[in-house]
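Once you scroll down, you'll see the structures, which are given as structure tokens.
Both complexes below contain chain A, partnered by chain B and then by chain C.
The block that comes next holds the complex of A and B.
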């Protein structure tokens, strides 16, 4: 009984791992065979070796940017949940604010990155946190609100038959219903927060930030180093995303999707 | 069943009218109905006859436009606040994030029962509907019939004197439905509460009830009553008894007579 799930996990992970290995192998082979220029596409082996030799620069830079992303993720998602609660609780607030939020959702917020640099000190992490936070806010807010409004009418009616107050219906029905929606949004937001922090840094930032490092390396034709920086960014992004997935599995245990193999 | 003043009615509906402003629909018109203690009353009629609306008015989930509803001598609102009735819908309406045991415990939590009392009662109820081994499962792991048994256990858990059921077996296959009919009757005989049961099925209404209330649509009215004098306990053989068929025919005739203006698809539902 204890062995079966382990085999299940292996079987589940094997195909993507094989595909991943094949793609990397093909990349390595084609770059070698076709003599592709270093600045167009470095070999995976080169990227890995730079990733290793530059680790004392790359990881602190990655960590610095990761903290910006994490801060923005926390602030933006927190504000999104609070806003969704307010809008969901008060109908008039919702009717006034919802169209504005939906319109704002269509705005390419990353375009504001240089402005944020002017509002905050571009060297300070706050400007990048602000971009990440604004990026995270809307998806979290819109999804959480949708979740809060998704309680099935019969479930609410049944609670009324037990003489439940609105607050109790909120706590016992609407919030649990919203949780899967919230986690879907948090997964999106975790990715957006890394994008926001790094792209923000492309417009200027502290010298030891990952986005600045990648940008500078590319400008001085150290593409292997730039790729290694992208690798660090990817690993950190995946780590944040995975953390949200783990939290989801711990919190939303009841859903069929959450059953751990 | 108004047998004087000796036994107060569990449900007393007087002159209830319900109109929905949208489309100016009269869902119920001047409904008079009493349900005696231990009585099992079925409401039957085609779609649009207001049987579900009547059930919701009794349960204070909808307010009547005119008329009064009293449950156990109290206003419907007070009865609802006091946990006066258990309700079961067509869907089981389980809370996905709660285990089966916790779903059954929900009304008990709302009524402020202690943890220990809740645990004991949930164990009893699980036994009653034969789902003890599923206590820690989640709703999605159960079949439709099992989910509906959980809903019934939950509605009975706090011993309401009145059970309101809105087509509780309507979404189930015929085999499961007949099995749950028997189970419901045996639970009813054990617990001794009154039941108001909405259904589309004539045979289900006759099999379960002490009395069948036949309703007609547009506007929703009571077309007549059929007393069901089949002996208890009712078994699989009850459905094959000549008296059962006589009563089924009687209900059907009443539906036909009052339903001349039924649409063909509504008649088909009555089979």
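The block that comes next holds the complex of A and C.
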């Protein structure tokens, strides 16, 4: 009984670790064996060493961009939940507005990044927060609305037969049904917010922002530094994603979905 | 016999008539929504300008050009001695659409194949799934220049330039397809699985007769996401390559003149938005054609 969980942890973690070691080893070995030019694909060992030597530049830059992403994530997801709650309350409004949101969801919003730069000063973090917020808003809004509307009619009828108020039904049936949908969207949004902040910085941003740093390094062919910056961006993105996953496991304990991914 | 056939045939006919009416209603709704958006845009512009509000941003003819200014920009050449902007943009759209379509096709194929392999071999799934999820946290724009520099010289001449951008579109496409197809393949009814097993069905038969049909709705919801993602990938991929033939190049170009002629960037973005929506609509129509036929095949 005491051994069981430990074996489970090993079984869960061993395959990813083996794959990681294999991929990094193969990368390092192939770059060395085939003499791939340093500027095209640096060795993992080089990236790590640059990652360490430039940590005083990379981490503050990463933190700056992370704050933009976090702000956009909070604003966009918050607005998405509020909008879905309002729209979900009025059925006809929801049905009329749904096609707009679906169409808006199909728009490549990243293409509007330069316009956000023109609206807000591109040097100010607000412009990146705005683009990240718009990117987060749509999936959160659409998924939350779908979640609020996917409560089983029988459950709602049962609540009604107990003379439960609409608020009570909302709190005890609709919100719990919507939560797994919401967290799925938040996971998507966490990744999008980081991408939005970095892509936004490509069109101009503060000098100490991560997107600008990566872009400048890539333009002057310092690809080891650019890859080190990408590593920072990925680590921060994974951190935000993991935070959402942890929150999901804490909040949505009853759903089997939460345990799968 | 013929009577029965007529009875069977009449509901689809009625359904078709209903779908025509529904289509007209939907077209009307789209027109209404477009008119409402234009009205809202101009109203916002008017209110903010006349009250002098500057929150969240300063509204003027540069930050929010009038709808008719943007509309007129389509008919005028962006530079002297050039065809009208709309012609230039349509050419660029065709180029970006080619990149996006190639990336979409390749990404969907790779994503589906990967999902089938991962669903069959649990060990691989455990090993690779965390990295497939992690791969999406890599800001694609950041690696795009390196991907382009690396891929471009290895491509045959006819693929040079746009082929590398298609690779980036592929990268953005494969992920939702893999994740959703995997979930779909695993969503097959356990009772049906057991039935297949009692018939001693081979793994292959279980896969094609049961798991793949079960995954189709999941696959299509992923393809709808991927349709937009492939357009995003094509536009983003063009940014660092310096390719001037597509919409991404046009966005970078017009962005530099935004303070003088904002309507051109807006016009380009309107076209980019339309391209994304067009990709989405094509996938939705394909889904309707394919998934509606599915129940007949199983019945």
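Quick note on the criterion: the second predicted complex is superposed on the first by the 253 of 261 C-alpha atoms of A that agree within 3 Å, B and C clash if a C-alpha of one lies under 4 Å from a C-alpha of the other, contacts with A are read in each partner's own complex, and residues count from 1 in each chain.
Simple rule for what comes next: a residue touches a chain if its C-beta (ideal position, glycine included) is under 8 Å from a C-beta of that chain, and two chains touch if they have at least 3 such contacts.
The model shown is predicted, which means the values in this text are computed figures rather than measured ones.
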Based on the superposed arrangement, let me know which partner A:176 touches: chain B (first), chain C (second), both, or neither?
first
After lining up the shared chain so the two structures overlap, which partner does A:30 touch, if you call chain B first and chain C second: first, second, both or neither?
neither
Touching A:154, do we find chain B (first), chain C (second), both, or neither?
first
Does chain B (first) or chain C (second) touch A:238, or do both, or does neither?
second
For A:214, select first, second, both or neither according to whether it touches chain B, chain C, the two together, or no partner.
second
Between chain B and chain C, the one with more contact residues on chain A is chain C
Considering only touches as defined above, state whether A:9 meets chain B (first), chain C (second), both or neither.
neither
Which of chain B and chain C A:162 touches, first, second, both or neither
first
The chain B residues in contact with chain A across the complex are 59, 61, 80-83, 85, 87, 89, 91, 93, 95-98, 106-107, 110-111, 138, 140
For chain A, which residues count as touching chain B in their complex?
152, 154-155, 157-164, 168, 172-173, 176, 179, 252, 254-256
Using the touch definition up top, name the residues of chain C that touch chain A in the complex.
26, 29-30, 33, 56-57, 62-63, 123-124, 126-128, 130-131, 133-134, 136-143, 145-146, 149-150, 224, 227-228, 231-232, 235-236, 239-240, 247-248, 251, 255, 258-259, 262, 265-266, 268-269, 272-273, 275-277, 279-281
List of chain A residues in touch with chain C within their complex
11-12, 15-16, 18-20, 23, 40-41, 96, 99-100, 102-103, 105-108, 110-112, 114-115, 117-120, 126, 130, 191, 194-195, 198-199, 202-203, 211, 214-215, 218-219, 223, 226-227, 229-230, 233-234, 237-238, 241, 261
